[in-house]
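Alright, structures below, take your time with them.
Here subunit A shows up in two complexes: once beside subunit B, once beside subunit C.
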Partner chain A sequence: MDGFITALPTIFKAMTMGAVPILLAALGEVFSERAGLVNIGLEGIMAVGAFVGFAVAKMSGNIWLGVLVGMLAGVLVNMIYAFCTVTLCADQVVTGMAINVLAPAIALFGYNLFVGSNPANATGEQMASLAIPGLSQIPFLGDALFNQTLLAYLAFILVPVVRYFFHHFRVGLSFRSVGENPHAAETLGINVVRTKYVACIVCGALAAAGGAFLTLCYTPIYTDGIVMGRGFIALATVIFGRWTAVGVLAASLLFGFFDGLNVALQAQFQAAPVMFFKMIPYIFTIVALIFFGSKHAGPKANGQPYFREQR
Partner chain B sequence: MCEGSWFGKGEGEALLQGKGRKGVFMSNENKTVMVSRRQALGLGFGGVGALMLSACGGSGSSDSGSGDSGSEGYKVAMIMSGTITDGGWDQGHYESLKRALESHDKWTLLEPKENTADADAATAAQSYVDQDVDLIIGNGNQFASDWMEVVSDAAASHPKVHFLVTNTDPTTEMADYETLAPVETVLPDFKQTGALAGVVAGLMTKTKSIGFIGGMKLPSTLTKYSAFLAAAQKIDPSIKGQYNFEAGFTDASLGTKLTEQWINSENVDVMWGDASAVDNGSRKALESAGADTHFDIAQPIDIAGDDQPTVITSTVTDWMIGQAMDEIEAGSFGDGKAIIGNMDNGGISLGKFSDKVPQDVQDKIKEYVDQIKSGDFISDDDVDQIKKSL
Partner chain C sequence: MAELLRMENISKCFGSFYANKDVTFDVREGEVHTLLGENGAGKSTLMNVLVGLYQPTEGKIFMHGREVQITSPGVAVENGIGMVHQHFMLIDAMTGLENIILGDKRHDTPLLREGDDRKTIEGLMDRYGLEIDLDEKVANMSIGMQQRVEIMKVLFRGAELLILDEPTAVLTDLEVEGLFEIMHSLTSEGKSIIFISHKMREVMRISDRVTVLRRGESIETVDVANVTEQELADLMIGQKFQESTYPKVEDAGEVAFELKGVSYRPEVKHGGLKDVSLAIHKGEILGVAGIDGNGQTPLAEVVTGLVKPESGEVYGPDGKEIALFSPRSFIKAGLGNIPEDRNKMGLVGDMTVAENLVLKQTTSDKFSAGHGKWLKMGEIHDYANKLREENDIRCTSVEQTARSLSGGNQQKVILARELEGEPKLLVAVYPTRGLDIGATEFIHNQIVAQRDAGCAVLLISADFDEVLKLSDRIVVLFEGQVMGTYPGANPPIKEISLAMAGK
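Let's look at the complex of A and B:
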C-alpha cells in the first residue's frame, strides 16, 4: 500500500500526460461525428502529425511552427477522407482504414528521408514544461495538473471551448443538426457538405496536434508505430464520453489513469507477467464500451453517407 | 460483381459495359450516387497510390542500389525487422554492415528490406535468393524460424547463396533445419556486454539503484541483465536492480513512465536499455530528473555526445559481418557455425565516455574491462544465480 501511495504522484502525472494526445484526437473526432462522419483514420492522421511536427520543429528550431505545420499536414491527409466520404459518399469505415494504412507509410517514408540522410536529425526539439507557481506544489495532483507543457494546457482549455461551441454558437448547432438529420438541416438552409468539410478540417488539425504532442512534448523522437493505438482509444473515448467534450475529457483521463496504473504495477511487481498489466487500459476500454457503447446514443446520421437528392 | 462491393448489382455491369453517358453509379445500402469517370479513376489511382506508398514506407536508402556487381564481385543484402534509423537494434546492424563494406570493396550492398514482418520474411529472402545474392542477412533470431524452408530450397538450387542470422544459437534455434550447409549465425557474448554496462553503472551510481529495460523477454535479454547486475554488485554488493523485460521496442512514452516510476519510488539513477525507441523515452525521464545526476548507458551503437546529455557511454555490438564475408570469399562459410562476437575480436566494446564520467572512474573501468575480457571479473555462476531469481 505504501508503495502505491508513493507511486500515486507519478501515476497522476502519467495520467495527464497520457490523456492529452487522446483528448486532442477525441475532440477532433467529436467534431467529425457531430457532423455525421465516423473517422476511424485518427491513428494515421496522428502519425502524420507526429512526424511532420517533429521534422518541422527540428528543421526550423521552432516547436510551435512544428505543431502548426503538423496540424496542416493532418488537415491535408483528412481531406482525402473528406473527399471520399463527403463528395464521393464512399464508405466511411473503409476510407478511414485506408487512411490508417496510407498515412503512417507517408510518415515513415518521410522519416527515412529526413533521418536517413542525416542521423543527427533523429533527436528533435522538445517543449519545456511550464509549472504554475503555488499550484504545482499541491501534494499528489499539483505536479500532474499544473506542471505541463503549454500544448497540454491548451488541450485542457479546449474542452470548455468546444462545449460552449456546440451549445451556444449557431454554427455549433448546425454541426449537431447535420449529424442528427442532414436532410432537415439542408431544408433549414444549412450547407451540409460545407459543414462536413469543416468538421474534417477541425478533426484533421486536432488529431494531428495530438500526434505532434507525442514527438514534441512526450519524447523528442519519431518512431514507426509511435502512436501505439491511441487513435483507436480516442475513438472509444468519444463513445464513452457520449460525444461531449466534457465526457471525452473524463474518458481520456480515466484511460490515462489506467495506463499510468499499468506502468506503476509493472514497475512495482517486476516478476509478475507484464502482459497482464498491459491489458488493464484496454480491458477498461472494452468494459466502458459495453456499458456506454449503446447503438441508440450519438448523432443519428452518424456514419451514413449524405445524398443530397435522396428523399 | 463481388458481394460487398461499392457497386450495386447492375450498376457494376453498367460500369463494365461502359453504359451511362458520362459517369458510373456507386451504390451504398440502396442509396445511389452519380460518380464521374474522373472521380472513379481518381479513387482507383488513390488506392493504388496508397498501397504503393505503404509498401515503400518500409524501404530506405542504401549506399548503392545496383544489384549486379560484376563477375568478380559479391552481393550482400539485409532483411530487417525495423528501420535503419531506429537508433537501436536495426541501426546497429546497418552500421555493422556499412563498416564491413568499407573493408570489403568487392562487395555491393543491395537495398535493405526494412520493417519486414514475420509473414513476409521468407518471401523477402526468396527474392534475394532468386537474384543469387551471395550473403543474405537476417537481423534477429525470428528469421531462424522464418527461413527454414527458404534455406533448404536454396541449398539445392542456389549454392552460391549464403545466410547469416544474427542473435541466434544454431544448436537450439535451428535444430529443425534439414540442412545448415549455407547458414551461419552471429552470437554476441551477452555476458561480456552486460558486465561492461554493469561496471559503468556500479561505478557511477550514487543511490545504489540501477535499472534495465528490455524489449522482449529473450534468453539474451535475461543474460544481459543478469550480467549487468552481477557486475554492478561486484563493485558494490548493496546495489539493487530494477528491470522490465517486455517493454517492446517502439513505445517511447512507456520508457519515460517506467523510468519516472523507478526514479521516484526506487531512486534509480543509472539506466541501461535494450529496447530501441523505448530507451529514448527513458533518457527523457532521466534528463527531467537531472542530467548531471541521472545517467544512461546506451546500446548497441555509440551515441554519447552533446545531443544526448544523459548518455555517459554505450555498449557497442558489431555483428561480425566482415568475418562472414571473409569466410564466403575463402569458401569456408556455412555448416551452421556460430560466429561469437566478443571483446577479443571487436564484436563487443565500450563506446566513448562523456565528460560526466570522471577520469579516475574511467581508469577503474579500463581496469575492470581487462578483467571482463579475460573472464575473471564475474563467473557464469554469478550470472546464473541472478538469472534463476528472475
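Let's look at the complex of A and C:
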C-alpha cells in the first residue's frame, strides 16, 4: 500500500499524459458524430498525424510546424472519408475501416523511407514541459496537472471551448441538429453537406493532433504502430462520455488513470508478465462500454447517410 | 383580395414518372386554400417544389406577381413561405425554443440570443393563441404541442404563406378544433394558408377555395361556397363516387371472444386497461370508439396475445379460458390481425410483397419442405400473384419490396395475408388511417364481407365516422375503462360522444 501511495504522483502524471491524445481524438469524434458521421477511422488518422508530425518536426527542427503539418495531413486523409460518406453516401463503418487500413500503411511507407535501417533517425524532437510556478508544486497532483507541454494545456482548454460552442453558438446548435435530424435542418436552411464536411475537417485535425502528441510529447522514439489502438479507445470514450466534451474528458482521464496504473503495477510486480498489466486499460474500456454503450443515447441520425431528394 | 402566390404550369419528374404535370393554381392574401387529392395525387411533391426541397422540371412560381426562383429551403423562407410538414421536422432532443430558433438568421452575432428570441416568440404566442412550453424537450410534448412548435417555427421566420400538410391526420378531435381556431386567427391577421387534406368534412369547413389534384394534374379550382361535398369527392376520384352503407346485424351469433374484468397497467391513464369486460360475437363487428390514447393500444395487444393482462379472464373462440398469451398461439386459434402501424408491425418493409404475404405460413407444407427449412419459392410466387389479383394490390411485381408500395396497397397486402385461412376473430386497429377514399372503401368492404362470412370482428378506430359506419355494436373506451355499450343501428350519437369525453 505504501508503494502505491508513493507511486501515486507517477500514476497521475501518466494519467494526464495518456489522456491527452485520446481526448484530442475523441473531441474530434464528438464533432463528427454530432454531425451524424461515425468515423471509426480515428486510428488511421492518428497514425498519419503521428508520423507526419514526427517527420516534419525532425526535418525542420520546428515542433509546432510538425504539429500543424501533421494536422493538415490528418485533414487530407479524412477528406477521403468525407467524400465517400457525405458526397457518395457510402457506408460509414466500411469507409472508416478502409481509412484504418490505408492510413497506417501510408505512415509505414513514410517510416521506411525516412528512417530506413538507421535507428538514429527514429529519435525525434520533443516539446518542452511548461511548469506553472506554484501550482506545479501541489503534492500528488501538481506535477501531473501543471507541468505539461503546451499542446496538452491546449487540449484541456479545448474542453470548455467545445462545450460552449455546442450550447451557445448559433453554428453549434445547427451542428447538433444535423446529427439529430438532417432533413429538419435542411428545411430550416442549414447546409447539411457543408456542416458534415466542416465536421470532418475538425475531426481530422484534432485526431491527427492527438497522433502528433504521441510522437512530439509522449515519447521521442518513433515506432511503427505507435498509436496502439488509442483511436478505438477514443471512439469508446465518446460513447462513454455521452457525446459531450466534459464527458469525454472524464472518460479519457479514467482511461489514462488505468494506463498509469498499468505502468505502476508493472514496476511493482516485475515477475508477472507485462502483457497482463497492459491489458488493464482495454479491459476497463470493454467493461465501461457494457454498462454505458447504449445505442439509443447518441445523436439520432448518427451513422445514417443523408440523401436530399428522398421520396 | 390580392394575389399572393401563383404557381404556373409546374411539372416535376422522378425518372420517367410525372409526380406533377402542368399544375397551375394561386393563393390570395388572407385565404385558406385547400389542395385536395387522393394519396399519390402529387400534393406533397407540389409543396416540396414550393418550399425548395425539390426543383421543378418545368414551370414558374410568382410571389406578389414577381417571378421567384426557389432554389433552396432558405430562399423559400426569405420569400415568406413556411411549411408545416406532415411528418414533423423537429429535433426531439432539443427544447421547443431551440427548435424554433434553429437556423434562424435574424441576428448576425455568432452567439445565440435566446433571451431576445424568447420575448419575440412569447409575443407571437399571445397574438395567435399558440400555447407552447418553450423549455420542454420536443420528445416529451404532446403531438398537438409539437405541431404548434412547427407552426411557430414558420411564424417566427415571418412567413406570410403557411403550408399545412395534412395537419389533422395526427390530431384528436379536440386538438383539431384548437388548430382551426389558430388558422382563423392567422387568416384574420392577413396570413394565407395552403391546407392539404383528403378529409372532406374538414375541407368544407375551413377552406375558402379548393384546388383538386388528380394523378399529378390540377383538375379544377372552386369556391367552397358554390360546391357540395359530393361534387368535390367526384372531382377528386374522377368518377361518380357513392359512399356505401352497410346493413347492420342485430342478432349476432354466439360469443367468439370474451374479456372479463381485464386490467393491464391500470395505473396508467392513457396506456392501460381497467376492469374491461366485453364480448365479441360471431358475425358481428364490435366497434371501439374513443379518443386516441384511451386504452386502444393495450386492448389491441391483449386480444392479439402480445401482452398478458395483469388480472381478469380472457375466453377464446372455443369457449375455454386462455392461459398462454403469445401471438403464435392466438394465430393458431384463428386470429387475423390488422395492426395499428402497418410499417412497424404489419409488414417487413425491405422484404418483397410475396414474402410478406406468406409470413404466417412459412412452416406450412404448402410453401416449404421440411417444416420451413426449405422454401418453395415457385409456389410462393404463384400464390402471391393469386392474392394480388384477388385483392387488387397495385404493384409492378410481387417481387418488389413492400416499402415501395403506397399506403393503401400496403394495407391490402396485410389484409390479404390476414384474411387467408378464414379467421375466427379479426382485429382491425385503425385499418384505414391515412388511406384515400378508394382504398378505404375496399378495406371496409372486405371487413364487412368477413363479418357476413361469420367472423367476429373487433374494430378499433379513432375515426368516429368509421366506427359508426361499420359497427353493429359500439363500446366506448375512456382512460382505459369501458364507458358503455351502444347499438350500431341508429346509434345515440350525442350520448356516445359524451361518453368519449368521459361524461
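Criterion: the second predicted complex is superposed on the first by the 303 of 311 C-alpha atoms of A that agree within 3 Å, B and C clash if a C-alpha of one lies under 4 Å from a C-alpha of the other, contacts with A are read in each partner's own complex, and residues count from 1 in each chain.
Operating definition for what follows: contacts are C-beta pairs under 8 Å (C-beta built on N, C-alpha and C of every residue); 3 or more make two chains touch, one makes a residue touch a chain.
Please read all numbers here as calculations on a predicted model, not as lab measurements.
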Fit or clash between subunit C and subunit B when superposed on subunit A: fit
Touching partner for A:65 - first (subunit B), second (subunit C), both, neither: neither
Comparing the two partners subunit B and subunit C, which touches a greater set of residues in subunit A: B
Which superposed partner A:168 touches (first subunit B, second subunit C, both, neither): second
Included angle at subunit A between vectors to subunit C and subunit B, based on C-alpha centres and rounded to the nearest 10 degrees: 130
Which of subunit B and subunit C A:219 touches, first, second, both or neither: first
Subunit B versus subunit C as contact partner of A:270, first or second or both or neither: first
Partner chain(s) touched by A:176 [first = subunit B, second = subunit C, both, neither]: second
First, second, both or neither for A:189, with subunit B first and subunit C second: second
Subunit B versus subunit C as contact partner of A:289, first or second or both or neither: neither
First (subunit B), second (subunit C), both or neither touched by A:76: neither
Which superposed partner A:104 touches (first subunit B, second subunit C, both, neither): first
Nearest-approach distance, in Å, of subunit C Cα atoms to those of subunit B in the combined model: 7
Set intersection of subunit A contacts, subunit C complex versus subunit B complex: none
Residues on subunit A engaged by subunit C in the complex (per definition of touch): 168-171, 173-174, 176-177, 180-181, 183-190, 299-300, 308-309, 311
Subunit B to subunit A touching residues, read off their complex: 6, 26, 28, 31-33, 35, 39, 43, 46-47, 49-51, 53-61, 82-87, 114-115, 242-247, 250-258, 260-262, 264-266, 276-277, 280-281, 284, 307-308, 390
Partner subunit B, residues of subunit A touching it in the complex: 3, 6-7, 9-10, 13-14, 17-18, 80, 84, 87-91, 98, 101-102, 104-109, 111-113, 115-117, 119-120, 122-123, 126, 214, 218-221, 223-226, 228, 259-260, 263-264, 266-268, 270-271, 274-275, 278, 305, 307, 310
List of subunit C residues in touch with subunit A within their complex: 14, 51, 53-54, 72-74, 77, 83, 85, 89-94, 98, 101-105, 107, 109-112, 153
